[in-house]
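Listed below are the structures to be examined.
You will see two complexes here that share subunit A, one where it goes with subunit B and one where it goes with subunit C.
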Partner chain A sequence: MHKVVEIVNNPVLLASDKGDKLYRHLKKALGAKPFKEITLDFEGYKFLSSTFLNHAFGQLCIDLKISEKQFFNKIKFVNLDEDDLDEVTLCVLNAQMRIGIIKKGHDEKKFYASIAEY
Partner chain B sequence: MQYYGIAPASFNALVTFEKQILKSDNLCELKVQFLRPYCIIFLDQLILTEKGVNFKIHSTYCDANQYLKQTGFKHLHKSAKCMEKDFPESDIIKLNKYIKKDFPLDEKVVKWIKSNIIKYIKTDGHLTKKITENIYEIINNGLVHGNNKNGISMAGQFYPLKNYFEIAFYDRGVGIPQLVKKEIKDLSLANDVDYIEWAMRKGTSTNKLTKASGLGLHFLSNFIKQNKGYLQIISGNGYFCIDEFDNHTKETIKNFIQGTIVNIRVNYN
Partner chain C sequence: MPQVIDGDSLLKNIKGLPTEAFFVDTNIVIAYKDPFAAALKNPSLEKYNDKVSELLDKLKSEGFKAYSTLSVVLEYYKYIQVNFYKVYKSSATGKETFSLDSEDFKKLKTNDSDFITKWKIYLESFKKPFKKNIIIIDKTLIPKNVLDSFEGTKIDFGDHLLYEIVKTYPKYKCIFTNDLDFYSIDDDDLYIITFNKGIIRKAKTDKKLFNL
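Let's turn to the complex of A and B:
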């Protein structure tokens, strides 16, 4: 069991540097492909931001090229508010969109421009 | 005194203040009787960015001076005539400011919200959490993207009879339309407000694709929708608003606003 509040040493999960701290911990804990299964325990956390989520989970998906299915198969979430789990899912999906575009070799500026009609 | 957010017409007043202040040397008298929180933070950032800390203002009317004084506005001239009676102190969310040097600022922001907002309202833990998270997102966004040396200022007002509060944020840095136009040259939209709307979409960002980002404003608009609150973003010549019925209003304003103003209404009953 990996306790988030202990890993970042704080129950306030808002700032990017705390997301970075969790990212480094998760990267190490997951190891190499096909990745270990881990459980992330959010007990005692108070707040969560998109910045924290992007730095911890979104960046992990992009850097390790983890699909949404793989992500939720390998990382189990406990003691996380239902709304916040939805935000984790959104963050992972957002990362998947980025991975897809990078894989296709699309120019990122053109991609962003196309989001106007996305 | 009721305050129903910022009407696009209000910007004429802000620009009048701006013109008067820019042409004054050390002191400026404003002929204004009532000031809303967004005016206070506009004046704060304007003076800090364009004139410096020694520049002072006062109003012809004591009501406005009194309000400036009670918000903790630092540029009120010492000779400014105030009212004999205070406005209710507990209705005012005092002026506050963060700059990049304050990073990491999450715990500072949490502490400030607790003692300046949460303390004055009856709310459950869930709403406290959402208020804190979303105010943090606005401040963080303003500091990171506005990139203004004078950071971001905020001030607000409680309306206890209506069970809501409003809080406004202003950074006089790079506005949303200017930032998006600079970073994403292929994106060609008609008006500044279209760039603001684009920035609100899920997944849009001015960061590289390899950097996970692009959800902050989307989360904020979801929160406002669930809360049946109010969100207004003004930047450049664009005015974007989401009201309590989730209607989206897009307008082009005549006068250019440097940087970005964000104003939110949050219900707490």
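Let's turn to the complex of A and C:
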């Protein structure tokens, strides 16, 4: 069992550096392909931001080229609010789309700058 | 001209908000949710989004209610719809897509199971901020008055509709926005919370920067 609050040493899961910390831990824990199965325990967390999720899980999917199915097969979530689990699903889906954008050879920076515009 | 509240100063003195509640503009909902993770690998955008989220969450935890209107919900829906289509098409095909093809969108949402599955996830994500964090309060406006008061050069129609609702709640007459257009509204009782340096600079010059 991998306890998120202990890994990042903080119950507030908002900042990108906390997400990076979890990313590094997960990368090590998953090991090489076909990856180990791990359980992430969110007990005691207070807040959760999309920045944190994108840095921890989104970046992990992109760097290790993990599909959505693989991700949820290998990483199990406990003590995470249902709404926040939906946010994890969205984050993983966003990562899959970004992988697609990169694979198709599109200019990632330019493309996402167009998304950010409002 | 509205009074401007510098978001960074408000973060340091959260209890200093002079209204009982505040309204949230579409650009703030987008920054708060970042529904397509557009800020990943964009540190300046990420920093801005984080400040918006921190301010919104802190204000809420201090008991200030965050409100919005159906016009903002509609604008946010359009943002989700157009950009989901762009991301989906560009990630699935070799062709970069920068605009919405409505006919193609309708076809995909009827016939393409992969598109439908993913679209449903984004639809749920679209609804979430308005179910959980931001309360929609709309009043019935008199359409003729809304149209007559819209002169169309200072602010766009969506912002005009938001302001028309805000006006009916004097105790909450405050808009959290990044949009400079609101600063052009001729209303001394309106407050604008913003991180937009351009608005803050102008307000300083005009002596309209609210002292927290």
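We take it that the second predicted complex is superposed on the first by the 108 of 118 C-alpha atoms of A that agree within 3 Å, B and C clash if a C-alpha of one lies under 4 Å from a C-alpha of the other, contacts with A are read in each partner's own complex, and residues count from 1 in each chain.
By our rule, a contact is a pair of C-beta atoms (placed from the backbone, for glycine too) under 8 Å apart; a residue touches a chain by one contact, two chains touch by 3 or more.
Model, not experiment: these values are computed from the prediction.
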Fit-or-clash call for subunit B and subunit C when the two complexes are aligned on subunit A: clash
First (subunit B), second (subunit C), both or neither touched by A:89: second
First (subunit B), second (subunit C), both or neither touched by A:17: first
First, second, both or neither for A:48, with subunit B first and subunit C second: first
Touching partner for A:101 - first (subunit B), second (subunit C), both, neither: both
Partner chain in contact with A:58 - subunit B first, subunit C second, else both or neither: both
Which of subunit B and subunit C A:67 touches, first, second, both or neither: neither
On subunit A, the residue positions that both subunit B and subunit C contact, one per complex: 14-16, 47, 49-51, 54-55, 58-59, 87, 90-91, 94-95, 97-98, 101, 107-109, 111-113, 115-116, 118
Subunit C to subunit A touching residues, read off their complex: 26-27, 30, 33-42, 45-46, 49-50, 53-54, 57, 79, 83, 86-88, 90-94, 96, 98, 118, 121-122, 124-125, 128, 132
Subunit A contact footprint on subunit B (complex, rising order): 103-107, 109-110, 129, 132-133, 136-137, 140, 183-189, 198, 201-206, 208-216, 218-219
Footprint of subunit B on subunit A - complex, ascending: 10, 12, 14-18, 46-51, 53-55, 57-59, 61-62, 81, 87, 90-91, 94-95, 97-98, 101-102, 107-113, 115-116, 118
Residue ranges of subunit A touching subunit C (in the complex, touch as defined): 14-16, 47, 49-51, 54-55, 58-59, 83, 86-87, 89-91, 93-101, 103-109, 111-116, 118
